[in-house]
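Dropping the structure in here first, questions after.
Just so it is clear, A, B, C and D label the chains in written order, and each chain counts residues from 1 on its own.
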Amino acid sequence: MQISSAALLKTSSAATTPPTLAERYRAVRRASMALAAPLTAEDAMVQSMPEASPAKWHLAHTTWFFEQFVLGRQPGYQPLQPQWRALFNSYYQSIGPAHARAQRGLLSRPALSQVLEYRAQVDDRVGQCLRAGTLDGEAQRHLELGLQHEQQHQELLLTDIKHALWSSPLQPAYRDDLSAPPTSPASDAALWIESPERIVEIGAPAWPAHARFAYDNESPRHRVLVPAHALADRPLSNAEYRAFIDDGGYRDPLLWMSDGWAQLQAGQWRRPLYWDEALEREYTLGGWRALDPDAPVCHLSWFEADACARWAGARLPTEFEWEAAASARPPAGNFADAGLLHPKAAPVAGPGVPRQLFGDVWEWTSSAYGAYPGFRPLPGSAGEYNGKFMCGQFVLRGGSCATPAGHVRASYRNFFPPAARWQFGGLRLARDI
Amino acid sequence: MQISSAALLKTSSAATTPPTLAERYRAVRRASMALAAPLTAEDAMVQSMPEASPAKWHLAHTTWFFEQFVLGRQPGYQPLQPQWRALFNSYYQSIGPAHARAQRGLLSRPALSQVLEYRAQVDDRVGQCLRAGTLDGEAQRHLELGLQHEQQHQELLLTDIKHALWSSPLQPAYRDDLSAPPTSPASDAALWIESPERIVEIGAPAWPAHARFAYDNESPRHRVLVPAHALADRPLSNAEYRAFIDDGGYRDPLLWMSDGWAQLQAGQWRRPLYWDEALEREYTLGGWRALDPDAPVCHLSWFEADACARWAGARLPTEFEWEAAASARPPAGNFADAGLLHPKAAPVAGPGVPRQLFGDVWEWTSSAYGAYPGFRPLPGSAGEYNGKFMCGQFVLRGGSCATPAGHVRASYRNFFPPAARWQFGGLRLARDI
Amino acid sequence: MQISSAALLKTSSAATTPPTLAERYRAVRRASMALAAPLTAEDAMVQSMPEASPAKWHLAHTTWFFEQFVLGRQPGYQPLQPQWRALFNSYYQSIGPAHARAQRGLLSRPALSQVLEYRAQVDDRVGQCLRAGTLDGEAQRHLELGLQHEQQHQELLLTDIKHALWSSPLQPAYRDDLSAPPTSPASDAALWIESPERIVEIGAPAWPAHARFAYDNESPRHRVLVPAHALADRPLSNAEYRAFIDDGGYRDPLLWMSDGWAQLQAGQWRRPLYWDEALEREYTLGGWRALDPDAPVCHLSWFEADACARWAGARLPTEFEWEAAASARPPAGNFADAGLLHPKAAPVAGPGVPRQLFGDVWEWTSSAYGAYPGFRPLPGSAGEYNGKFMCGQFVLRGGSCATPAGHVRASYRNFFPPAARWQFGGLRLARDI
Amino acid sequence: MQISSAALLKTSSAATTPPTLAERYRAVRRASMALAAPLTAEDAMVQSMPEASPAKWHLAHTTWFFEQFVLGRQPGYQPLQPQWRALFNSYYQSIGPAHARAQRGLLSRPALSQVLEYRAQVDDRVGQCLRAGTLDGEAQRHLELGLQHEQQHQELLLTDIKHALWSSPLQPAYRDDLSAPPTSPASDAALWIESPERIVEIGAPAWPAHARFAYDNESPRHRVLVPAHALADRPLSNAEYRAFIDDGGYRDPLLWMSDGWAQLQAGQWRRPLYWDEALEREYTLGGWRALDPDAPVCHLSWFEADACARWAGARLPTEFEWEAAASARPPAGNFADAGLLHPKAAPVAGPGVPRQLFGDVWEWTSSAYGAYPGFRPLPGSAGEYNGKFMCGQFVLRGGSCATPAGHVRASYRNFFPPAARWQFGGLRLARDI
């Protein structure tokens, strides 16, 4: 691949003035290129399961999104590659046919080099528009949406390539130069942080009416009565999850949802996705490594997180309990920009201060993904972005070590089906008080 | 079948003194026999899909429940048929192995006559215990649970046999002597009933600590902030659903959840489950009949109910909105005891009074089935009754024309996966205000 | 079931004059009733896998065959039950739609009693025609075909009900009054019977041009060059097959066809279909019994027969080798009429005389089922009887303990897919010399 | 890809002295490289269905074969890449585990460049052995087998990449520089060539006992009585097959095997694999082209060939009838070395001389693939090459336009399951006389 492997992952600036839209566009687009840099054209083509996409497809689809939603709304716009319209459409029925999701691994054509050229051409055109100031408000809003969209796909690119390379019999590392996160000097027990019953403002004001970006599924901001409860001050650790396994957690159906038990049997689940059979090592984006007992457990399905919480005499938090705790905290943590691409052990606890709410691992909640009261999808095709997935999935919160810094916030709602475990999903315990 | 076809369905007494436990036991058990009376031994053996069970199995399983949970807790109890223990275990992992659910149609043995004999023997033993007063409190509570359980299976017996007989190429009626519900003199438009934001007490106090029976999934009673909204004063009618179909509702992916659209295509859905292709007739427990335009539409999946509500510019209510409306109303309506076994047109509306909240059709809500804050499953094996199904399903409320009268209440939560449509499921519209 | 359980299985007469067509019709029809006599209506409805049919369906389909092919060719014939035309059509595309094979277990209607009434009505009409002599030659030929057809279904009824009752968790016997076959005083080693290369006349002259009945797939009679070879003088025994198992036969992929090994793994095959895990007992139509080491092994798939022959340093015979040996022998043996319904140990060997070619077990051959040179299917719908199954199956020869006496002959070709093992299939070894 | 696109396909020499084993090794290995030359590393990785393999896998597996069977038998041999042993094992159970066939598309690692390097290293070592004369007889025989094996994979590489590129939504040509075969000046009707009944010597003497190479499945040479029959003097043409389609061939179940009709419905077959819906154009290795009505029809399954022959009032020939006709003819024709990579119209007929027996299209026969009398697999792991596939497949004869020249002979037996149609399969009519 011709792009420089030295490209920066960093997309947020430390400058005192906020970056312009053009600056942000360049930074986000460059970050995708950096993530793809370690991959050969062959690596970038693998689709290891229907739910995961090839890296090349991510690179193309995110570009298609800008062409379709930003450039394409200009009068008389001629698509760069008309026959790619269906190829890189993910699921927008209002735009037209889409190449079947499970068949994305067949796309040897266009070549990765052609996709990179396509990226350059779209970037060039978007750049011209930005410099010329020819993007109307609607186009600018879709450009913003496209940047958020591309950041989501940056994380998907990482989770999907992790699964793809792990699925290869040779199980190569995504990057050989990744250093393992530092271990903790001393592990500590998680502490409970209690909250009384109260009414909490949940969610974000609807964008773009409100200036600050949020997805439509985070709005409207509304009041929720959150009952009294306690929340662990850090995510569950590998050592704690190992105790669940050692105690027969994967052999006791009474700990599991009925569907989870069926899934465990069908998939012969015995441990988190990337752990070895001896429960001592795990496959990471940097290759196989010893498990850090103090790091948050990850690559759990909701079924596993739920069962482990039950075993622990606790439960998963609701997404409202989580957000109530997180909304007062800065969205800082171990994100992709930190360059570890793996969760790390919790920092030392302050009194009553929750740790690692942001970054490290997405935290499964007990909340089924659904619409907030008064939810309105974005108008037009962008309305297909989130709303039509509001059944059969559970909400995860807080971002992970593979999420771009600056992408998530307290009101951010990620969602996956309960059996999915190839994303960086862990858990934080909660209990009724 | 040797039992009298004249047996009464009625299980609730109009007497001024409440029935004793023994009286209720006899009434509930007799009602199951009455439901099975129109069936031959061959009919009672059909399993038309993995989710549905043969009528014979329902008759045996409900009996097994009493033997297992009531008689079986007596010291030294000898099971009547030790080899049936697994056969009629539905899903209680803590009790032992269970015959595979999808294979229940293979059970030509035991014969229906043997199952009826088994019922008589268990009834005899339970009767002796009740007369002798040898049931301790725990046993009495499980007897109560068993009665509730059997009432649930009475409805399942009806929905399952409806599917079984419809699946037969000859499509016979379950009962030839069922008269069609009376039609309405004049159809009327549904009215919206508005409610302001308020905190509502939801659920029921936990039984058996509290004397009045409720399932564990209805408790604890807790406070929920219900936002301002409007609720239709009656369920959606066949005529209204027909307008959705005529307007292309089954051809427009933008109205559907993504999973729902996939299901529609896989199942080639074009109309409710039991409608004919001309949209003029429907298969009922009394055989094929003309559709009553004013009767509530039923045999919808959640996907269809959700899509139709979206088409109507509305949404499904949350289970809390529904309960808030229903908790002030008596749980009366067109239940199985009315003998129609089919929904009927709405009665004339009073001002601002919701109609048909109870009976006629189960009403799909937008609420994913989950645990209430502080939920505790019943102790022991009964804890497997409800809790382990709390993922991937949606809540339905209010009971149907196939539910035994007296079985449901405002806090009652039924649940099914979003693609299920062989139960009597309809919808009531809601909207934000 | 109302028919007498004392009805005779015997359909062949010991009288010196051959039976008339009317006598044979009555005898064959009566034999089916006798086979169904031990079954309840519930037993007669079970379909334990798509390949097997309920006993009730066999009783109805064989009757449908006479109504369709014999009565139905009379001008102006009015079908007894027009809506059963599709229900009991097996696979005759030229006749019209057929109820899906895998859904035959749904047919609680018509009731077994109705099917028996249907049988009586058709028998009555056929009887009238035979007495009145109103059947033309074509109708008489289809009557003959119908009798052969019903005899085939008599065997299928037995094999299918064996599988159905075994599939029931209670595994009842089909008949409690069946005595186990007598054991042999002393087991003896199989002997090889050698044949030099020679041209053999294979097959039967085409019926009905030739008076003696044979299926179209047995004709034309034609010349085949059969190479020099040796054939075992009796089928392989349970003890010999047990040695194959004990020697790791089910664990060594090199003994198996590639497809067979895949099937073994998918089905977790470790032994013949009805053997217990300890390799000591087997399920029979008379219930569970100790294995007779000297009896022919049965309920093998072609894959198992082929692998075991390879392990033994031998091979399966071709169907021509088998027929060359059998054509000089009378088609006598342990057939269904003997009342054992299970294979029995070989009789004492004469010098160079093959034993048990007929009856006991169908013998798998190495011959794929195909058309003989010059093969012509029967004209009309009867042409669908055999020809369209000539791919993907292997030929079995000689009949079994479940075949009606008089039904098979040296040229008779049975056929099943290589993974099928619920029929009474065994093997006889052959080798090149 | 770094190899020259000008490399020659030709592997047979016109020189008067036969090439040495070393010369043949180089030529065959070079030919594979030439076939892969038009492909990018991404193209070479696509697996479009479980039955087809990526081009890269073919390049590696053929090399593995030499390393395993030739180099590996030298004492103390150290494998070049021990971890590739399972990766590129196709199905040799006696050698060890094999990477799952359906998962070959996951192999982004090793890269194509590494596979090419692996080829070079193995070629270097084999070359050294050949020059040093250190290969014993057994190794030389496996080298010969490896060359034959690689030629088979050359054809598979072409058929698999054709399917892969056609499966891509963009449907690029494999080679843009391929010219379409010349059309025929005038089409002519096929003529029948009659043969009387006679005994024919079929097959080839067993190699390596006999010097001339043949696969084990072609031996032993043995006598077969071939009945009187007639054979068409050329394969069926596109125009003739089009008449079958136009006459409703794909809508009449009576023309089809029962399994074929089920397959037609499941796969919604309406025409040969690569034809367009208008029946006017076909996808070729040179891209989309107009159908030549006079060229042999190809990409038919056995089911289609069989149905079309039945429609034509004829049948498929047996493999013996085909071989009897072909054994007197030189194995010359339109092979891959001709550079067309597509069938071409028949040359002008001579009187009674069969045309296009070799090359153009593989000809489906009515013969199920099985063992010849006296068949012995090769000793050792090579015995897994052919014998374990002798069930469920049909024999094809004569080679195709994608077969390397010099690879096939009159006794050569190819085999595929009856539903396979991505290979160049056509048919020649036969009939009984």
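A few points about this structure:
The rule we apply is simple: contacts are C-beta pairs under 8 Å (C-beta built on N, C-alpha and C of every residue); 3 or more make two chains touch, one makes a residue touch a chain.
Quick caveat, the model's predicted, so the values are computed rather than measured.
Per-chain CA centroids place subunit B at a distance of 60 Å from subunit D. Computed from the mean C-alpha positions, the centre of subunit A lies at a distance of 39 Å from the centre of subunit B. Centre-to-centre, using mean CA coordinates, subunit B is 47 Å away from subunit C. Not a single residue in subunit C touches at least two other chains. Viewed as a contact network, the protein chains form a single closed ring in which every chain touches exactly two others.
Applying the touch definition to every pair of chains gives A-B, A-D, B-C, C-D. Contact residues of subunit B toward subunit A in the complex are 91, 93-94, 197, 199, 222-225, 227, 229, 253-254, 256-261, 302-303, 306, 315, 318, 366-368, 370-371, 373-374, 383-384, 388-392, 394, 418, 432. On the subunit B side of its complex with subunit C, the touching residues are 40-43, 45-46, 48, 83, 86-87, 99, 103, 105-112, 164-165, 167-170, 172.
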